[in-house]
Structures are given as C-alpha cells and as structure tokens.
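Chain naming follows the written order as A, B, C, D and E, and within any one chain the residues start at number 1.
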Amino acid sequence: MTETVLSIRNISKSFGGIHAVRDVSFDVYKGEVLGLIGPNGSGKSTLFNCVLGQLKPDAGGVTVTGQDVAGKRACELSKLGVGRTFQQLSVFPEMSVLDNLILAGQEHRGSMFSRLFGPSDAGLTEEADRMISFFRLGHLRDELAGSLSYGQQKLVDAAMAFMANPALVLLDEPAGGVNLTMLGHLKERLKTYNREHETTFVVIEHNMEFVMSLCTRIVVLAEGAIIAEGTPEEIRANQTVIDAYLGS
Amino acid sequence: MSDFLQLIISGLSTGSIYALAAIGFTLLWQASQTINFAQGEFVMVPAFFILIGSRVLGLPFPIAIGFGLAVAVFTLGFVFKRLVIQPMLPHGHLPIVMATIALAILMRELVKEFYSAEAQTFPALFSEQTFDVFGAVISHQDIGNLAVSAVAIIALQLFLGRTRTGRSMQATAQNPGVAEILGVNVQRMVLYTFMINAALATLASVLISPIYLAKFSNGEPIGLVAFLAAIVGGFNQVRGALVGGLLIGVIDNLSAAYLSSEYRIAGPMILLIVIILLRPQGLLGTSEGRTV
Amino acid sequence: MFKTITLATALATFGIIGAASAETLKLGNVAELSGPGATVGNAWTDAINMGVDEINAAGGVLGMQLEIDTYDTQTDAQTSRALVQKAIDDGAFLILGTVYSSSTIVNMLVTMQQGIPQIVGSESPSITQKGNPYVFRSSFGAQKSMPKIAAYLDEGLGAKSVAVSWVNNEFGKGGHDAFVAEMEARGIEVVADVSSEVGQADFASDVTQLKSANADAIFVYLHEEESARLLKELRKQNVEAPIIGETTLLNQKVIELSEGAADGIMGHVGLTVDAPNPEIQAFAKRFSDRYGYKADHNAMKGYVAIYTAATAIERAGELDRQKVADTLHNMTITVEDVPNILLNVSWDETGEVSRESFLVEVQGDETIVKDMLPAN
Amino acid sequence: MLQLKNLYGGYGKITILNGVEFEIPKGTITTVIGPNGAGKSTVFKAIFGLLNVHSGQILLEGRDVTGRTPKQMIGEGVTYVPQGRNVVPQLSVYHNLELGGITARDQSAVRARIEKVMDQFPMLREFRDRKAIELSGGQQKQLEVARALLLDPKLILIDEPSIGLSPNLVAEVFRTLQALRDDGVTILMVEQNAKAALAMSDFGIVLELGQTRMHDRADALLADPRVGQLFLGGHMEEA
Amino acid sequence: MKQLKILGLVAILAGLIIAPFTQATYGTYVLSSWLVFTVAAMGLNLTLGYAGQISLAQAAFMGIGAYSTALMTMAGLPWIASVVVGMGLCFVVGLILGYPALRVQNHFLAFVTLAFTTLAFLVMRNEEWLTGGIYGLVGVPRPSVAGLSLMDGTRYYFFTLGVFILASLSFWWLVNSPWGRAFKGLRENPIRANSLGVDTRLVTLLAFAIGAAYGGLSGALMAPLVQYIDPMSFTLIISLKILLMVVVGGSGYFFGPFLGAGLVIMLPEFLRFAEAYYLMIYAALVVFLMVVCPSGLLGLLSRGIAAIRSREPAERGDLKEGAQL
C-alpha cells in the first residue's frame, strides 16, 4: 500500500450537545484526490477545522505524515507541509500576483534572518513564474490580486497553496462562485498538478459535478458520521447518499 | 473617613457627567462602528451654542438651552452623520479616526475664533448650596448632576426598550441584516443614534460647564475620559458606559488623593490597559454581539 | 521728485539699506495665539499692537516707524523655537515673547546664539539664571515675588504652616520650587503639597487634601481657569484658612470665573490694572476702549515689553543689537521719562526686572490694593 | 400571485441568476430545490429587494414590484424568513415578536396579533420574557416564523426552515405552514430537505445554475428520478 | 516609467541638497525638522501602513530616543552610541508594547498605545532626577563628524539629511525584503498569511519594534536639532500629529510619510497668510481628504493614474485572455 499522508482517527466533536462529528476515521494516501461531501450541516467543516488544528476534537486525533496536528498554529501546520485554500476569496488584494505567490513560498526558505539579508524575492521568482504560467495567469503577473476577477483570484488562491511544495493540500470549496468555463480550467489544472507532483488533495465541495470528475475517492458524511465511501461512480449509485441529500 | 466619602461623592457627581459623554460614544460605536475622537468637542461646543442663544440672541436661559440643543442635534447629529461619517463607513476605522481628530481641531478653532479664546462662566442649573453628610460636603449641584444623568439614562433605556423606534434602533445595532428584512429603515435608525448622541452631549455640556467653565480647549480632557469610561465599562453596553463613567470619576479622585497627585492620570490609564488585556469587552460588556 | 528717484536708485545701487527699511523698524512678536495659552498670548499681543500704534503716532523710534510681525506658537515649544528663527530671518531687530516659560526656555537659545535681544513675559526663575545676555523680562520672575509673599505670610499672617496647590507644568513648578525654598528659609512648614494638571476639571480631591492638612494658610499657584475651579471647590468644602496667591490668582479673569468664590483671597501682584496709579488707569481705559475687554497682567506685560524695547533702542541711539542689549542691562526707566512704562522699572545684569509691586485683596468682585511693596 | 420574468441578478461581479422564470398561484406552497450554488436563496433576496436585479421583472398580483425596498415589500404584504439565525439576540422573545410588526402604524393591533401568534406557538408564550439568544436553535427558528406572521402577510418567503431543527420540529414547522396555506397565505420556500418539503408542497421548482430547470406539481417531481441525480452532479436536460 | 521615477528621485535629492542655500536659517530649520519627523512617520508607516497595527505611541518612542541621546551626549558620550542605545531601548519596549496587539486590534490597540504615551509622559515629567522633569534638558550638544562641528544649522541639516537617506534606504530595503512582504501579508489577510507559514505573532511584534526603533532614531536626531528636550514635545498630540502625517500622505505607500510630514510641517507655512484661520483650513482639508479619499494623497494620486491608464488602452489583452479561461 502507498504511504499514508493524512490519518484521521476516531474524531468526535460536539457543540453544546449537538454531535457535529461522531467517531470519524479514515486515511488519505499519497497522490490521492479525496472528496469530502455531505449535505449542509453534515459536519464537513467541523472535521476540516479539526484537521487544520483550529478546533480541538473531543476525542481522537489527526496526524499528517505521521505528526500530530493537535494544538498546532496555522503557520506551524504549514511548515509540516499542509497547504490550504479558503472558501472565501483569500488573496492579498493590494499585492501583485507575483508577490502573492512569493509570499506563499518564502516562509519555507531559510531562516528569519537569512530572509532579511537574502535576496528580496527569497529566490522564488522563477518558481512563482512557473506556478503563474502553470495556472495560465502570465498576463496578470504584475496586476494587483484584488483587481482580478473572482475566478482568477480563486486560481491565485489555489496556486498559493502549492508554492511551498506541500505534501497535503486542503481545498475548501474551490468551485464556489466560479463560472463554468473557469471551473473547467481550474479542475484540469488541479488534476494536472496532482498527476505531476503526486500531491495529495482533500476537497470539500458542493458542486457535485466538479467533485465527481476531480476526485479519485469520495467520503460522504451525514449527521456527523461517514455513510458511504468509494469511487465517484459508486457514490453516484448509492441510494443512502441520494436519500441523505433529498431528505427522508 | 469623611475625606473618603467626600472623594467618592465628588467622583460620582463628575463621573455621572462623564457617563453621559461615554454613553453617546458607545451608541455611535454600536450603531455604525464609529469611533468619535471629537466626542469631547461634542460636549464642549453645545455650551457655546447655548451662550450664543442667551448672550448674542438674547434668549432667556431655558429657551437658549432648547436652542442649543436643537442646533447641536442638527449639526453634531444630522450633519455629522450625513456629511462626514456616512461617506467613510465603507473604508474602515482609520479614516474615521483621522477625520474626527481633524474635526476636533476644527471645532476648537471655530469656537476660539468666532466666540472667544477666554473661558466663559456658565449659569448653573442647580444652586451651589451645600449640606453635610457624615462630614462630607455635598452641594445641590452634585445631587442635581447625579439625578439629571440618572434620569437621562433611564429615559434613554426606556426609549430604547419601550418605544417602537427604540426597539428598531436596538435591532439595528444588534443585527442590521435582520432589522432590514423586518422593514426597519436602518439608515434612519443610525441617524437617530447620532442625534441622540448629540442630545446627550448637550446635556453633559449643560451639566459640566458651570463647574468646568465653557472654553474651546475643554474637549480634549473630556473626550479622553469618555473613551476611558466607555472602554472600562464595556463598549457595547449603555450600563457599561454608566458604570465606567462613575468608576473613572471616583478612581481619578482616589488615585490623586491616595497614590500621587503627580501621577493621578496614571491610575485610570493603568486600569484601561489592564481591562483591555484581561477583559477587552469591558467590565459589563458581553463578548458576543453588540447590545444596547 | 527727480532728485529723490536718483537718490533712491543710487542708494539701491550701492547696496545701502533700501529707503523703505530706513523708515520702518521690524520687531517680531512670537506669542501663544492658539492652543492652551491663547488667552494669555492674545492679551499680550493686543497690548503690544496698541503700544506700537501709540509709539508710531508719536513719531516712532529713532525716527522710524515700528512694524510688528506676529507669529503664533500654538503654545508649542518647538514651534516657538522655529518661529523665533523665522522672525529673525524676516529681519526682526528684536523679539518680543514668548509668555509661556516652556516656550521661552527653548526659543531663547536661538536669540542667544544669534545675539538678538528678546523681551519675554515668562516668570519661570530659570530664564534669567542661565547666563543668557540677550534675554530680558517684562515682569517678575517667581524668585523675585516669592520672598514678598513669604514675608507677608510670616510677618503679616504669622503663619506657621502652609498648604500648597500648584499646577504641574513649567509655570507652576517654577513658582512652587521658589515658594517652597522661601518657606524653608523662614521656617514655615509645608504641610500639604498638591499638584494638579493643566485642564483638570475636578478639584475635589485636591481640596480634600488641602483641607485635611489644617494649615494656617493655603497658597495657590495655578492658571486662571484652574484657579477659579479650585476656589469654587474650596468654598464648597467650607475651607476657612486664608487663601494666598501670586499674580495669576488675583487676575480679574479668576474673579469673574469663580463667581464670588474669590472673595477675601489675598496676594501679591507684580502688575495690576487695579493699581491706583494714573498711568495704569489710563492704560486700562485705552485698552478696554480699543479691544472691548479688560486688560490683565498679561496685557500689561506686553505693553511694558514694547515700551521697554522702544526706550532701549532709543537710548542706544542706533540699530545695533549688542548696544541695545548692553543698554538694557542695568537700565532704569522712570514714569517721568516714559509714562507708558506704567511703573518705574530697573533691570539687573541678568535681565531680571525689579520694580514696586502690590499687595492686594479681593473684596466682592473688586481687587483692592492694600499695600505697595518696594522694589527688591 | 407572484411571477418572475427572465430575472438576472447577483452580487457585484458575480451573476448568479441567469434568467429565472416561474409563476406561483395564490394560496399554495411552492418549494424551490436545487444543488448548492443554484441561486435559490439569491432568488429570494432578489424578490425581497435585498439584491440588485440586473434585468427582468418581478410581478406581485400583476403589479411590477421590481426594485422595491424591503420595507416596501413588507407594505405589499410579503415577509421573508432568511436562512440561519435571525433573531435579535439580546431582546426578549416578546420584543422580537414586536419587531415583526415594527412597521405597522397600529401597535395595539400588533399586540393583539402577538397573542394570536403565541396561541399558534405555545412555546413562545412560555418563554416570552427570555432573551432570544437563550432559546435553542429550533425555538429560535419558530420565533422567526412566528415573527414573519405578525403582519398577516399574503406571501411568505422562507429560506431553509429545517436547518438545525430536529425531525419532529421540522414536521411541526411544516404543519404550521400548511395551516397557513389553508388560511389563504401563499408560501414560497427553499429547502435542502427536498423529499420532505416536496411531500408537503403543492408545487416544486428545480433551479440549477441560476436557471429554472423544472417546474411541476410536487408529487410529479418527487417521482422523477432525474431530481435525485441532479443533486449528485448529473446535468439535467432543459425542462 | 521606472526611468521617470529614478529621474524624479534624483531631482528631489538635488533639491534637498540645494535647498538650505536658498533658505534662511529658519527655512533650513523647518527642512531639518521635516526630515526628523519623516523618520518617525516612516516607522509608524511600517507599523500601521505595512503591518496594519494602529499605534499612538510614536511620540513616546521619539521621547525615549531623544532622552537617551540628550542624557548620553550631555555626559560626553558620542552621538552614535546614544543612537544605538536609544533605538535598542525603543526596539525592546516596542516588542513589549506589541504584545497587546496579539490580543486586541483596532481601537483597543489605539487606546493601549495612547495610555502608554500618557504614562511615558508622566515618567518624563515627574522623574526629575533623570529627565530634568518639566523643564527638560537644555543644551543638548550637536555631534561632530570627523572633527567638524555641526553647531551650524546648515551643517546639521546635511548631517540629518545623511542619516535620513540612510534610514530611507534601509526602510526601502526592509519593505522590499521578504520581511516587508510578510508585513503586508499581515495587514491584508492575517489568516491567509498564517496558513502560508508566516508567523503572524512574531511579525506583529517585529512590526511594532522596528517602527518604534525608527521613532527612537527620529528622537535622537531631534534632540540635537532643538538642543533642548522637554516632556511636552512627546505628548499624545505629537503622536496624533505623526499619525496624521502617515494617513494624510497615504499609509502603506513608501513615500506617504515623506509627503504627509511635509504637509503637516510645511502647510502652516503656506497657510500663514490665512493667519488665525490656518489651523481651521488645515483641519477642514483633512476632514475633506478623509471623506473623499481615505487612502491619503498618494492613494488619490495612484487612483488618478489608474483611471488614466485604464482609459488609454480601450481593450486590454488580459481581459480577452481572461474571458477565454
């Protein structure tokens, strides 16, 4: 079996009597694109936040490449090789696209002091340019990120998550609000990146078509527990899943 | 003991006036996230509106107060909200902070140039007669200030709680989105808040000017104390501002008497820092949501 | 006609001072026109302007008309320093101001470095104690007036203890230190020493401390508005001890603002418009006729300052700054020579001023001069 | 009752509604379903005047009400219960109810109406003096629905009433809505819980990508296998 | 465009070198004080404009720098040693003062720093044994460079200009280094920055500490310029004045504080004809500027340039390409 990148073990979390996540366990392996879906209120976001160390689970634990993430700050998690994107637009609007990407990578280069006295781009311009052209944003390289269209900003957001060569990338609703043509482009780029770098993805997404065509494996949550797991085809045919979405 | 009592009572009397300024301050914050660095000048200026009414226009004093109130509510409420704050609201805190600082300078200079650079006496609402309680001397003015402030604050609470407009204002402060879908004219409610702030400031002006005298430079210390009171008490509570105002009035007196008169403002300042670090929502504030 | 033009051209060609400047003499007035000191600076400035108009109407100084440029320090020491420099750059022959000691201490460095005579209205003792040969006062330093008060406390009131209320800035600190030194010298005990802030609103705690000290007398050294607030609070808390002060406490403004609470206070004033001298009365009348408010000691300081400048230049006989400064040292101006100097006055070699002063008492809303104290 | 004609609209740069069209009859319950991001909530906001309509028309009983403010819509007899928590947290239950009638001139009528509404929701009477924030999620939702009834509306827009409610509470809310319909109120509802919602509705509308895909009787939609597939990412043919 | 910028810079520098020869002593003094305040404003611009942390403590830091310099140089120690000590002290105090910023933001932070400024003032005024109390310290010597006395105003101006250029260059280098990028990240999207590995806590503290050190440098230049320091020069009003410089010029723009300080210091000169009204006019202008353009004068300028630029090419290539995506 291939190497385990993310391991979720018996996570439970409740808020004021409501069990948001109940005893969820699964592993994600190197190079996988795992989709995490479920109707509203199924506990996806809670689980996601436990993985990101932002919520402390009541029970269970999360390890990334063998290291416990409990109590880790976001910047420490990043150093562990976890990249992420955000549901809302999350670029640095008053900085150029290039600077956005350099910032995304620089903290992984050298020490605080070597960065102060080293080159101003931390030696990352080339790599950032590669990433920019990979996402076909070349013509926007020097524009302020905040002046780009919504879809373009989503691309920049995604590109930033990859700048530090992460082992695991968590994509939080990457397709939200992106128009159809842009969506196809985003999906294709993510797939290509995954194939070329064997980076592991975990995707939360409501757009089922996007999830089904991007992911290699899907975990379905409902009312805080896993109700199904399998390939997109299997999930699509699963009556429990359909019921969960349509309601009983 | 009588000294201590004296300090407490005097502190409460001045503190109640601070509370009026502080309450207006918190109302603006709740309604529109406006931090008004000119709040002290908002207390300083109405005294001059009233003096213009009584000395220049020759109105009898009670009518002059009404005149001052009307002018203050219009300029410091309506005009301030529409012309200054409203265009800046989408741009965050800093421009409002800077603009209100500049506005404070503008108001000071206007008063100095067009009225007088000199301090002015201001007629007192209450007699300066005094009586003794356990050795402490209390004047009618002390009692009057406390009473008027208390009545104003209770009236405000009743207005906010019991009237249709008051409840609409509360809804606007606590959850503007909901207020809107219930048909509340959110912008108008915010405007009312500004006007109430101006009215409270006028009241504070009427109470404080007989003691403090009316002078163009008075705004700065009053504004500073209003800030302190608002933060110490809790930015999102009328009660908080009240308690904060009284507390600052008393602590100021006590630290001057028992710590060091040279370091007297250090007392309230250290209290401020401690409160912000340990309980940023203030003594009575709630951490979630904004509440009137 | 033709001749004059030729002459003017010739003068200009030879680089001799232009015709216009031969007829006017520029002085700089650097004062507190805005900020907390605005009241003080405006009175000072108004009196100077009145003096200039009178002097010009009487033929000017050395045959030249005076021209006064006024600069606003915003009651800020650093601004005042810059503005004194600007006034010098603009060609001021002599500088008048500033009134606030905090500013004067800074800006007198500039006039000293460039050898420009400066007549100030400040009362902090340190100004004339720094060996600056170009700085002169138009009123007493606190170290001159405090002995007079000490003598009165000791001999007049027979006080054995005293409580002091002072404002914690240059003005108050200077007066406080000089006063406390005098008390020590005379063996009067300072039983309460209460400082307050400029702009302080609530004097309840100050008065509580002054009252509980049970001193034989209370000495007050605050600015006008704070004096008024303190007096009101003293009356409110029924303080019985005699209240003694220096010039500021006995200012008309304090009496007006304290609305009766000043009744009965006593003290020493260097200059007062209530003095029974005909010159002072005439000045007070001219001033209130012209400006519509009553002159105070700050106005008198300004008035004395401009007449001092005019007289010193006149006596020096030429536009030589060093010579004017030398003339001012150890100079005496008498009312007979210059009526508008208001009182006979002398300067010593440090620039400190000496003249008669007054012991006054407030009765109702009037200041009554009780006694005339000799110059020391 | 309500008719939408070729409606386009959205937030800022993003257009979400791409020509929504439907018509709902008076005195019925219509449920709008569709995958997330289909624009269901956006349609409600557009109707209620909380969103800029780029083009198209909204007709209420034949009158054009496009571009009205929320206050004007309330005046037209339309109320709106948004998604999520929408109570005023620090006010009491009673005062929250009063806010529902805040625009009415006659406040004594509002008070009478509150009594009536509290009869319908006895829980509210029990907790009338509690702060709204102290109620459970389900109770808060009931409070919101009750609040929307205070002005005796002709049309109620309800966005996802079932979120955070236990199944028996959902059933209760649905029963309340049916009772309202029987009193002649028209109800337009968005619901994730599509099956249960369609089961109690008269009509159903399927939205996808900001367009109306299907519009039929509720039972017909319930039987249509394409509806289930739609949620899991299949595309629908133009209906 | 870039050449134009360099040309502009050279012209400004040349202007600064020639300026004192065209000015009387007063003009030179005003220019010197502009340079000094620009250094302080630059520091605040780092804290506020680049890192997004509001601070009303800059005057207190100037005070710390000025008192260190005055005390040490009056005791006969070299100026440069006092600068090191003053800036070091400010850096450490800045680190400590930055701690509240980790907990609270916006107006709360403003008030913590406001209280700090007030407390610093009280110490400067009341601790007479150290600071000379309310009278301050008089007769601060101006340093000598290579045996050349700088007592002359013009010489001291050039000395200030030299230090100013060094400070500007290091500021330029700092904000364009990865640190500068991290500061901006903190300002624009702290959560995102943190998720990318930026240690936002450390960066917040550094933003405070470095900004404070610039305040200290400014104070160290000011003491010899004025040759006198007293507590009144470091009150809250001065902090507000420096804040005004940063915001009016354009916070977050490199040249913002240069322009802002110039305006705050020079505008009264230009408005002097208005006599007593100049403060009024000035205040009214600030209110107006904040209402129409909260990003300051440089923000207004760049908005103007953007408007002109976007009008020029009627069809932008990138829009086309973007549309294809």
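Descriptive notes on the structure:
Heads up, the rule we're going with is that contacts are C-beta pairs under 8 Å (C-beta built on N, C-alpha and C of every residue); 3 or more make two chains touch, one makes a residue touch a chain.
In this text the structure is predicted, and so the values were computed from the model without any measurement.
The minimal number of chain-to-chain contact steps leading from chain A to chain B is 2.
Both chain A and chain D are touched by no common chain. Centroid analysis (C-alpha atoms only) places D farthest from chain E.
Centroid distances built from C-alpha atoms place A farthest away from chain B. Two chain pairs are in question, C-E and B-C; the one with more C-beta pairs in contact is B-C. Chain centres here are Cα averages; for chain B and chain C they lie 37 Å apart.
Rounded to a whole number, the gap between the C-alpha centres of chain A and chain E is 41 angstrom. Note on chain placement: the centre of chain C and the centre of chain D lie 78 Å apart, centres being C-alpha means.
Computed from the mean C-alpha positions, the centre of chain B lies at a distance of 43 Å from the centre of chain D.
Along chain A, residues 149 each make contact with two or more other chains. Contacts with at least two other chains are made by residues 125, 276, 279 of chain E. In chain B, the residues that touch at least two other chains are 109, 262, 265.
By the definition of touch given earlier, these chain pairs are in contact: A-D, A-E, B-C, B-D, B-E, C-E.
Note for the complex: chain C touches chain B at residues 34-36, 38-39, 42, 168, 194-197, 199-202, 204-206, 208-209, 212, 224-225, 228-229, 232, 236-238, 253, 256-257, 259, 293. Looking at the complex, you find that chain A touches chain D at residues 39-41, 149-150, 175-177, 180, 206-213, 235-236, 241-243, 245-248. Chain B contributes residues 35, 83-84, 87-88, 91-99, 101-103, 105-106, 109-110, 113, 227, 231, 262-263, 265-266, 269-270, 272-273, 276-277, 280 to its touches with chain E in the complex.
Chain contact summary for the complex, chain D toward chain B: residues 48, 50, 70-71, 74-75, 80, 82, 86-91, 95, 98-100, 102-103, 107, 133, 147.
On chain E, the positions that touch chain B within their shared complex are 48, 54, 100, 103-104, 106-108, 110-112, 114-116, 118-119, 122, 125-126, 240, 243-244, 247-248, 251, 276-277, 279-280, 282-284, 286-287, 290-292, 294-295.
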